[in-house]
Every structure is written in C-alpha cells, then in structure tokens.
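The chains carry the letters A, B, C, D, E and F, assigned in the order they are written, with residues numbered from 1 in each.
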Amino acid sequence: MLNVVVTDPPRADLAQVDRLAEYGVATVHEAIGRRGYLGPQLRPNQQGTRIAGPALTVVCWPGDNLMIHVAVEQAKPGDIIVITTTSPSTDGAFGELLATSLVARGVRGLVMGAGLRDTQELRDMGFPAWTAHVSAQGTVKETPGAVNVPVVLGGQVIRPGDAIVADDDGVCVVPRVEVGQAVAKSAARVAKEDATRQRLAAGELGLDIYGLRPKLAKVAFITADEYSRRAGEV
Amino acid sequence: MLNVVVTDPPRADLAQVDRLAEYGVATVHEAIGRRGYLGPQLRPNQQGTRIAGPALTVVCWPGDNLMIHVAVEQAKPGDIIVITTTSPSTDGAFGELLATSLVARGVRGLVMGAGLRDTQELRDMGFPAWTAHVSAQGTVKETPGAVNVPVVLGGQVIRPGDAIVADDDGVCVVPRVEVGQAVAKSAARVAKEDATRQRLAAGELGLDIYGLRPKLAKVAFITADEYSRRAGEV
Amino acid sequence: MLNVVVTDPPRADLAQVDRLAEYGVATVHEAIGRRGYLGPQLRPNQQGTRIAGPALTVVCWPGDNLMIHVAVEQAKPGDIIVITTTSPSTDGAFGELLATSLVARGVRGLVMGAGLRDTQELRDMGFPAWTAHVSAQGTVKETPGAVNVPVVLGGQVIRPGDAIVADDDGVCVVPRVEVGQAVAKSAARVAKEDATRQRLAAGELGLDIYGLRPKLAKVAFITADEYSRRAGEV
Amino acid sequence: MLNVVVTDPPRADLAQVDRLAEYGVATVHEAIGRRGYLGPQLRPNQQGTRIAGPALTVVCWPGDNLMIHVAVEQAKPGDIIVITTTSPSTDGAFGELLATSLVARGVRGLVMGAGLRDTQELRDMGFPAWTAHVSAQGTVKETPGAVNVPVVLGGQVIRPGDAIVADDDGVCVVPRVEVGQAVAKSAARVAKEDATRQRLAAGELGLDIYGLRPKLAKVAFITADEYSRRAGEV
Amino acid sequence: MLNVVVTDPPRADLAQVDRLAEYGVATVHEAIGRRGYLGPQLRPNQQGTRIAGPALTVVCWPGDNLMIHVAVEQAKPGDIIVITTTSPSTDGAFGELLATSLVARGVRGLVMGAGLRDTQELRDMGFPAWTAHVSAQGTVKETPGAVNVPVVLGGQVIRPGDAIVADDDGVCVVPRVEVGQAVAKSAARVAKEDATRQRLAAGELGLDIYGLRPKLAKVAFITADEYSRRAGEV
Amino acid sequence: MLNVVVTDPPRADLAQVDRLAEYGVATVHEAIGRRGYLGPQLRPNQQGTRIAGPALTVVCWPGDNLMIHVAVEQAKPGDIIVITTTSPSTDGAFGELLATSLVARGVRGLVMGAGLRDTQELRDMGFPAWTAHVSAQGTVKETPGAVNVPVVLGGQVIRPGDAIVADDDGVCVVPRVEVGQAVAKSAARVAKEDATRQRLAAGELGLDIYGLRPKLAKVAFITADEYSRRAGEV
C-alpha cells in the first residue's frame, strides 16, 4: 500500500498534546519508559523553540517532494508534518513556499529526514523545523508515495495522529493512545525532578539520592600513589 | 599541472555577481537548472550572512596551508577564496591571521573543504566562512599545490573567476559566462515565487497551482477504516 | 584496573590554568607544538564561551551514566569533567540535574564523547558543554567503570588533573606538568601573532613574513592563456 | 512494554519461506512493491549464502547482550534471529558460543544492527550472519529488553514471525501475512526477467523493451562538436 | 545542459588503454603526478580483477536509473560505464539485467557512486563493478539526466572517453589526451620500482635509496631511558 | 617530543606473544578484562589470518609517509608496525615496496589508521594488514613525526613493544608487562569456553549456565494474544 493517502486518521487530542510541549523531549521520553526518541540526527533549524502536535506523516521518494504537496491538502490546524524518504536523501525537499502553504493551514512545524532549505527565511517566519540535513539541492515532483500511513524515522515508528514533541534536544513521538498517560507521567516526573534538583543544588549526591552505592561493590577507591604502584606492577 | 599559479584568470563581473547575492543560494541554484550546489557538508560559521563573489581557487595538500599564503597575493577585491585539499582533511588550515590578510585585499569570504579555526574571532571580524569542519588542528607549510586552476568541491567543478553565492543554506557556484543569465533567471524566479507565495498564503494548494493532480492517478485516497481493513487482509 | 576510583589525583595549578583560558584552544594547541587537540567531533553547546580547568576523568559503559554520579563526589572547584565511554555511544548520558550537582561543587564545564540533553536548560544555567552528540536518549545506571584514570578522547590521552581548555574551536588538553610552560609559550605566541597581525593588516604578505617563497621553487606562475594552451596540449 | 518476552508469536509458514530464499533479496523486494529492504548498512559475514526464515526479534540495550540469551530459549527450528539495540551500538554482542546455542535449536542465521565477533569461526561453522559492524568489543549482561516484539532495523518494521530473506545484497523483510503473495509475485517477476534477459542478451534495448523513449522528450541527442559549441556560448 | 546525450564523444585509444590496465591504479595514479584517484569510497564487488577502458558517463537523478538505459544505446565495445547521481544516493540503480545488456555491447565494467545489486550474480557473470554502496533498493525510471557529458565522481572530473583504470585499490581516471603519456610514465615507474624493490628486498633502506636523511635534521634519536627521563621532566 | 625516534624500546617477549596469536582477538580482549580492542574501523586486507607481535609505533603527518621509512630502520624480527597520523587521513601511505622492505627485516604485519594500497600485491606476498581505509592516493615525504613513542589508535594507547594481536575480528593491544598474564588468562578462558560450548551444543541454555534468570525479574513472559491486548489498551 505504498500509493495511499489516508484522509481521516484519528489525531491525538490537541489539548493534551499542548501539555506535552510544556515538558519537552527529554522529560516525555523518560516518562514513557525511555521510548520514542528519534535520535541525534534530527537537529533544529532554530534555537529555543519547543512544540508539540499530531503527526501528519508523508512518504516521499528520494529527490522528490510531490507527496509534500499532497500532504498540505490533508493538514489540520495543530499538525506537525513528518516527512520520510524511501531511501536516504539529503536533498532540500522543503523550503519557504511549502512552509507558507502549511502555515495557512495551521501546521505548527516540520520534522524531516531529508534536507531543509530557505533556513533563514524559515527562522524569520517563525516556522520551526527539525531535519537531518540542510541543503539547497532542488527536488522533482514525479513519483507518488503516501500520506498518513505509518512511517519509520530515526528508528521509531510514527503513526498518523501520534503526538510529536520537539525542542533543542531533538524529537520524540508518543503513540496517540498513550498521550493522556504521557502527560500524567511527565507531570509526575517533573515534580520528582524538582525535588531532586533542590537536594542536588544543596550538595546532596545522586549516589545517595538514587541509592547507587551498592552497585559499586567491585569498585576500588584508591589513592593516586596506589594507582601508580599497581599500574607499574600490572 | 599540479604546481601552477594562474595570475590573471578572468573574473565574473562584480556588478552582476553582487546581484546574485540578493537572490541567495536556493533561488540561484534553481534558476540555473538545479545545478551548482556544493552539498550539505559546507556549513556557515555565522548565521544570517549572504555573499557572492568571484572564486579565487586554491588546491592544498592535506594538513598543509602553504598555498593559501600564495593565494593571498593573487587576491582581488570582491573575491571569495575557495580552498580544496587533494584528499579529505579536517585540519584547521584557516584562521584569523589569514583572514586579516585577505580582508586587507578586499576578499569577501571563505569556502573550504577542510577545517576552520578562530571561529569566534572570525565572527567578531565579520569575515564569513563556509567550511566542512571546525578544527583547531594546526597545519604545516611544506608542499606546493595550485592557485586559480579548476577545482572540485562538494561534487561541483569550480573554475577561477566563477561566481560563488553563499548563505545559510550553503554554497552554490555559477559558471562565469552564465552569470548574466543567472541574474535574469533568478529575478524571474523570484517574481514568479512572489506570486505563488501570495496564492499559497491565501490557502490555494500547490497541487492546483503546479498542476500536480494528474501525477496522482495511481494514488488511492482512502479512509483510516479502509486502511486498517486492507492492512489486516494484506 | 577498569573498576577504580582514584581519590586524590594531583591537579594542574588553578591560577596557571586560568591563564590558559585567556589564550584559547588554537593558540595553546599551537604553542605546545601542535599537540593535544581533541578533534572536530566535540562541538560546543553554546557560542562564545572559553574555559579552562583540571580534568576530572570518567569512564562509562555505553548507555550507562552510573560513573558520572560517582565522579560528582570526587569533583573539586575549578574542575572540568571529561567523560568517555568504552565504546562509541550517542546516548544522552548528561543533563541538567547532573549539571546542578556539579555546579554545587564548583565544576566549570563538561567535555564528553557521548550525547548531551537538556541543551537549552544548560545554556540557561550557563553551564558550558562540549560533546560529540546531542541526544535525549536516556541511560541506565548499572555497570561500573572508572573515575580519575587516564582516558582517551578524540585520539588524545587525558590524565586526571591535566589542563583542559575549551572554546568555540573545540577542546585541547595540556599535560599537568606542562601547564606552566604552556602559559609562557602561549603568551609568546600571542605577542608574536599581534605583531604579525599588524603587518598583515597593513598589506604585507605571509609569503614574505614567513619566508615561504623558497618553497615555491617548482611552482610555475603563468597566465590564464598559457594555462589553457598547456591544458589543450597536455 | 519494553520488558516483555512474547512466547508464541505466529510464524510465517516455513515451506513458503523456503521458497522465498530461492528468489533472493533483490527479487523479493521488487516483487512486493519495492518495500522491506533493510538498507546498505547490513553486510554479510560470508559470500554466496542465501537464506530465509521467520524472524525471532530481540531488543537489547547498547553494549548488553542479556536478551540474546533470553531469545535462545524462544527459538524454533528455521528461525532467523533479528537483533536491534535501543540506541546505535557497534559492540560485539554476538559470537561463536551464541551461534552454537542457536544451531542446537535449528536457527538458520543472524541479522543484527550491532557488531559481530568470531567472524572466522562463524564462517567455519557455516552460521551465516548479516550485521552493521564487526567488533570484538565485549558486552555485559545486565539490562533487560524484549523478545518477539515488533522492532525497527534499517528503517523497516520487523514483526516476530515475519519472513526474513538475506543474501549478498543484504536483508529484506516480508510481512508474515504477505508471504504467500510474495512467493507468487517473485515467481512471476523471475519468469518475466528471464524473458527480458534473453532479449537484452540478444542486443535489444531496455529503452524499447520498457517503452522508455517517451520519457526522453526533453533530452537532446547531440554531437560532441555541438556540445562543445554550446558549452562555450553557454 | 542537464538533459543532453552526446552521441559521438572521442574515446581514448583502446590499444593504449589496454596497456594502462597492466600497470594498475596505484602505479598509473603516481605516474601521472598523483592525480585522478577517485577515493576510498568506491570498492570492488570482486577480488583480483584489473580493467581499463574509455568512460561512458551517465548522470542520473537519485533513486532513478532511466539514464542508464539511455547509456546502453551509446555504449561501444571496451567502454567502462561511469554513473553519477545529482545528489548522494545509496539505491541499487544497477543489477544483473543491465549488466547483461552492457555485456551484449562489449562494455567491460561499471564504476558508480550509487548502490549495486545482484552482487553474486555479477560475480558469477564475471562483470566487474566498483561502487560506493551495495543495495537492493529499487529505483524508478522517471527523470531525465545526461549521457556522455563531463561528470564528477569521488572528487575527480571524468570526461566521456577518458581512460578509467580499476582494480582492488579502487578507480583512477586519466584524461583522454594524456593516455599515451600515462602509459610511458607508468612503464618508467614500474621499471624504476622493480630496481628499488630488489634493493629493498636485499635490506637497503628507503631512507638511503630516496635520500631522506636530510629531512630528519630536527629528529632526535634517543634511547628509551632518555625518553622516559624527558617525559618525566617535560 | 613530537620529533623523536626511540631506538631501543623494550619489547614484549616473542615466545609469549606467539602464544597470544593462538587465542585471537576476541578471546584476548575478554581475558584481559574487556580492554584493548581498537574498534570496528580497522579491517583486514585478507581473510583467515591471525598474527601477534610487538608494536613498532609510528606517528606520521596526514598525507606524508616519511616516518614509515624511518621506522623500517628501527624494525626487529617479529614486530608489527602500527602507524597513526596526527589527524584523520585516508591516503594510501603504505604499499608493496614498504612491505618488501619490512619483510626483509622480519616484520610480521601492519596496523594503520590511514589507507592501504597495492592490496592485491600484499595478499599475494602474504603480508597481512589491518587498516581503516583502502586508497591508492599517494603521499609526500616531507614532515617529520615520531617512531616508537606511545600512540593512540582506535581509542587505545599503544606503547612501543606492547603486544598486538590481529585477526578477522580486528586488532587488540596488550600492554607489554601484562603479556604473560594475558596468555594465562586466555588459556583459562578458552578452557572454560570449551566446556561451555559442549553444554550449549547439547542444548543447555546460557540463561542457566550463566545464571541470568534473576536479572529477568521485571520481564513479563506473555502470549501473543496478551501482547495484542495490552498494545490496544496501552
């Protein structure tokens, strides 16, 4: 089913998704059990922006952005467009004109495995983007792909309507049906971290707070002199 | 002819080259037929700068910047120095002292496949640079190469005097004899894009503006329910 | 001796280390004989910061930050924590809570071969970091490693207490016993470069200042016409 | 559901899977619509071997092979073990002892995103393996993951029991419920290719056989002289 | 002039090209002045094969092999087909059917920046190939490019009809008009190396044969004891 | 002390080193505590060769093999030459003539971070090599480095005279003073593995032999039906 456009995928609830944006990528990723992070390759085109929204997924052929144009028509306010290619591509498949079109439909930002162009213009517009490459290399509009089918990006499965969270640490996906739980778990984690932060700032050690000392049973605490002696003798 | 310095290569007309800078890399690259882009590896050392100028080309041996010193003597006001190495090198072949020397000769900026150092100082000086690496690793000055011969960088041939355009999207080369045409084509493209931008901002779709719907003949537009049903049955 | 914590390694003298920070990475690296640079992979999380401090070294297993918690207890004011993994890892082993703990102990910054998270929060805190990756991917706390033993990062050996210098050009290590000499040599280099800079700014050529012309004995200076003629004939 | 072992996933029918092995990776990938290829990173440890089998999937933490031992107990004759890590890892998580254990259970081979060791011994044993790395670096056995849950490797989703096909071109996955169709489509493709091969060997052109000439409407067929003339004039 | 097919480019003389194959890549590359090597990314699909032939050049779009089919029609006996893409691509653009078609026209082998498939079949056929990737990922046949225009691959310019030499060390290009000289220089180099080899085998040192000792003026030859003493004192 | 040649470094005992070769890289690396492995980048130029010998270390500048010629004079029978560059380099710094010279001195093989050439000739000669790259690109002989000083390669410190072990899994270093212990520990490990192998071949599980089941306390063993149910409900 490569050449399919799904027109009405259920989307994560926007009110809940908005709450995920408050917590950010690292917190949400940890809160849902260290899952969903799309890896270090996806870097932000701007600094200091944190967004969340339901995924509008796109599958393009390498060097071809035909399906992004198809996806625009399927966009709903609040969406984050998530673009993959069927094989690795650095080409500049997305720029300022497509962003203009998406902004007109209320799309909040872009996550893409290929290349971004018009990077300064996008910053000027305030349209945030996370991509694996920056490239001005142009693409054709010839080969059909898919819109709103499950895609893989950064080793994660993203289904249309799943919640995307993105900030300076990268991008995280939360399955649509888990968003409510993710909000609750993130809130709990933040509360716990606030308490931990105060103790750490006051000089308490993570070794004690997290009870890590038993895991150091085989670790020898020795002086520099002792270390030199052993290294010499082997 | 590796050990050659060409002393008087014809250069692209500065007045025309200056006009290319107004359009930027993505526009010029598209306007001349999706050619000349030097790829995603060359990244700017600063944000928000757009320049153009004739190429002053240099071939260095890896880990050796002797020929950059030779190139300084050949520089003319308006030039952009374009430095390649005979094999891949990340070393910091260029820094603030060489920039000082080039600024004294009116050179506008740097494009280099190797490594840049003194990055903060170069930003403070306002000397823009696009390089494949940042590295403080020092180089020697031992092995001759060439100045103002054709070079290959980022998969593109750059001849001395060709026009270089560089901005946050990367670097593009325009053959010297095509610069006039490139200005005209870029102007036409910008005019056309301005019109398109207004239509897109007003909600019209690229699918319609570009006439893409016939290319979707084999694409099925289906509901999420229908998608689930087919995925289950295969 | 993998599972060892050395509790009292001698540290480079802080007063001298502070002077290294004035000179920066490129100068110090050149001054000590083009040694000690940790390569282009370690990139700063912030722009425009220059620090120096004695190395607090850590060896972690990939995907495991247990030993960073152990290292916090060994930290002394002025230290820069230097974290390696026993095999390549992009995981986000360090974030804002660990930084809070280190700040409480007077640690000046972080150098790490793995991934950084909470990047915006660290910039907000003013805690500088140089890492090979940015990643929100969480780590476990299971497998012991070592603290304050010699480590290898970016192809350089770093011993606990060695001086680390870091700025926008990357990271450099100076062996503890050489720090005094490195300060003196850096000062001399800066003085010499100041003089050279003035001459270059006035239009003198590096070719003449550095006496490079004899190295060009085999280089032919020819016209563009001559070049075309030879290229045609081979 | 990270810490889960599914004990009885339905597996693709072995008789059908065996037929896929006859066709090989390129043919099966094309036959099912250019899907399922795990990319160029997974390389064979041997030359000239072609296998197929149902996937026994494993999720490990980086630098940790605990779950491979868990997977051995779940193996069934004919299986191909497919091992992923929660973040990128080159470590040597699999070697000759684990292969011995799997052979005892009738497992046919290995596909893994991490590193392989005992490469010569595995060739001597005739146990085929496709991995992203070769590495002798040892792993720990500490952190639980999962067995027989859906995994992502090489940008493809692999569900337990899906059919894996592997040969010198790499690795392809066929969803379990599509295996029958894939066999039929592969057979049809091979028959068609046999006919095409004969025509091509006899000197007929793909341009004619595939009817490609209409796609060349805008392509100019010119002489070398004409090309030189146009290049000169631009 | 992207969409051009040049029908009659002059080709390097086959008799001379055949002599280049006797010398191999490393010798020819050195003989012509350390030029023309296409870099370490292009790896052979077989071991122990050494070929040479005039280049039949092709420019494809990424993920699209339309122009390879066009190139077949332009092939002449003895040619080596050299395929580039307008941006980086790992896709399997070439396999056994295209090889069958080229063999029917007397083409000697393949050099390609993209991916190869049917690797075992190509070895069985004896059709040699050097490519940057192995990949079974299929391509489309939609977007025109060019045949027999100058291309860039591995940082080298290759003009149609230039001589290609390829063996286990990789691929080298010799400009068409230099082939005669390259044969003569290669023969001279081999003769000289034969003499050197005998002296080296007899125990003479390269230091003496090449007269390198004067370049070691600043090198201190010291004992291990002396080294330890200096390292301690700094 | 960059420009130093140490003339008489103590070397690991050849008789003991020879015994390490029997055990191979994976076994020795594990036996000495999962240390010393030089990583997956160093690949063999041949298949099925296992050697060991004391390290003859060399530091070259990138693109320059002067110091390899210096090292030949320092070679002793049984040595393995270990070549590093001061910054990353793919150039073909080593080929058949240097191998001829080293064979004349009884050197057993090569380990190098740069590029190898004459790969087929080296296989024909039976001179084994492990390198990070294959490249025919030629080097100059201009800039001095060092011989028989400690070097870093693949993240490991190698001191002159340390034992190098290399086979199809890569390369491992054993500190000179630990070689005796490493032999004993390797022998013990092999004996233990032989016993384990028999039990695994007989169908016993690693889970039981290694006592891993307690580490699976949090792992749920569930049916596929149960998995589907939970995935649906979240």
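By definition in this document, contacts are C-beta pairs under 8 Å (C-beta built on N, C-alpha and C of every residue); 3 or more make two chains touch, one makes a residue touch a chain.
What you see is a predicted model; the values in this text were computed from it and never measured.
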Copies subunit E and subunit D - interface residue numbers shared by over half, same or different: different
For subunit C placed onto subunit E, the superposition rotation in degrees, Cα atoms, nearest 5: 180
For subunit B paired with subunit F, centre-to-centre distance based on mean C-alpha positions, whole Å: 41
Distance between the centres, which are taken as Cα means, of subunit B and subunit A, whole angstrom: 29
Set of subunit D residues in contact with two or more other chains: 34, 39, 86-88, 90, 135, 137, 142
Interfacial residue positions of subunit E with respect to subunit F in the complex: 25-26, 29-30, 34, 37, 39-40, 43, 47-48, 50, 167-170, 172, 193, 196-197, 200-203, 205-207, 210, 212, 215-216, 218-224, 227, 230-231
Residues of subunit D that touch subunit C when the two form their complex: 61-64, 86-91, 135, 137, 140, 142-143
Complex contacts: residues of subunit B adjacent to subunit E: 2, 33-35, 39, 86-88, 150, 152, 155-157
In the complex, subunit F residues that touch subunit E: 1, 3-10, 66, 69-70, 72-73, 90, 92, 95-98, 100-101, 103-105, 115, 117-120, 133-138, 141-142, 144, 148-149, 160
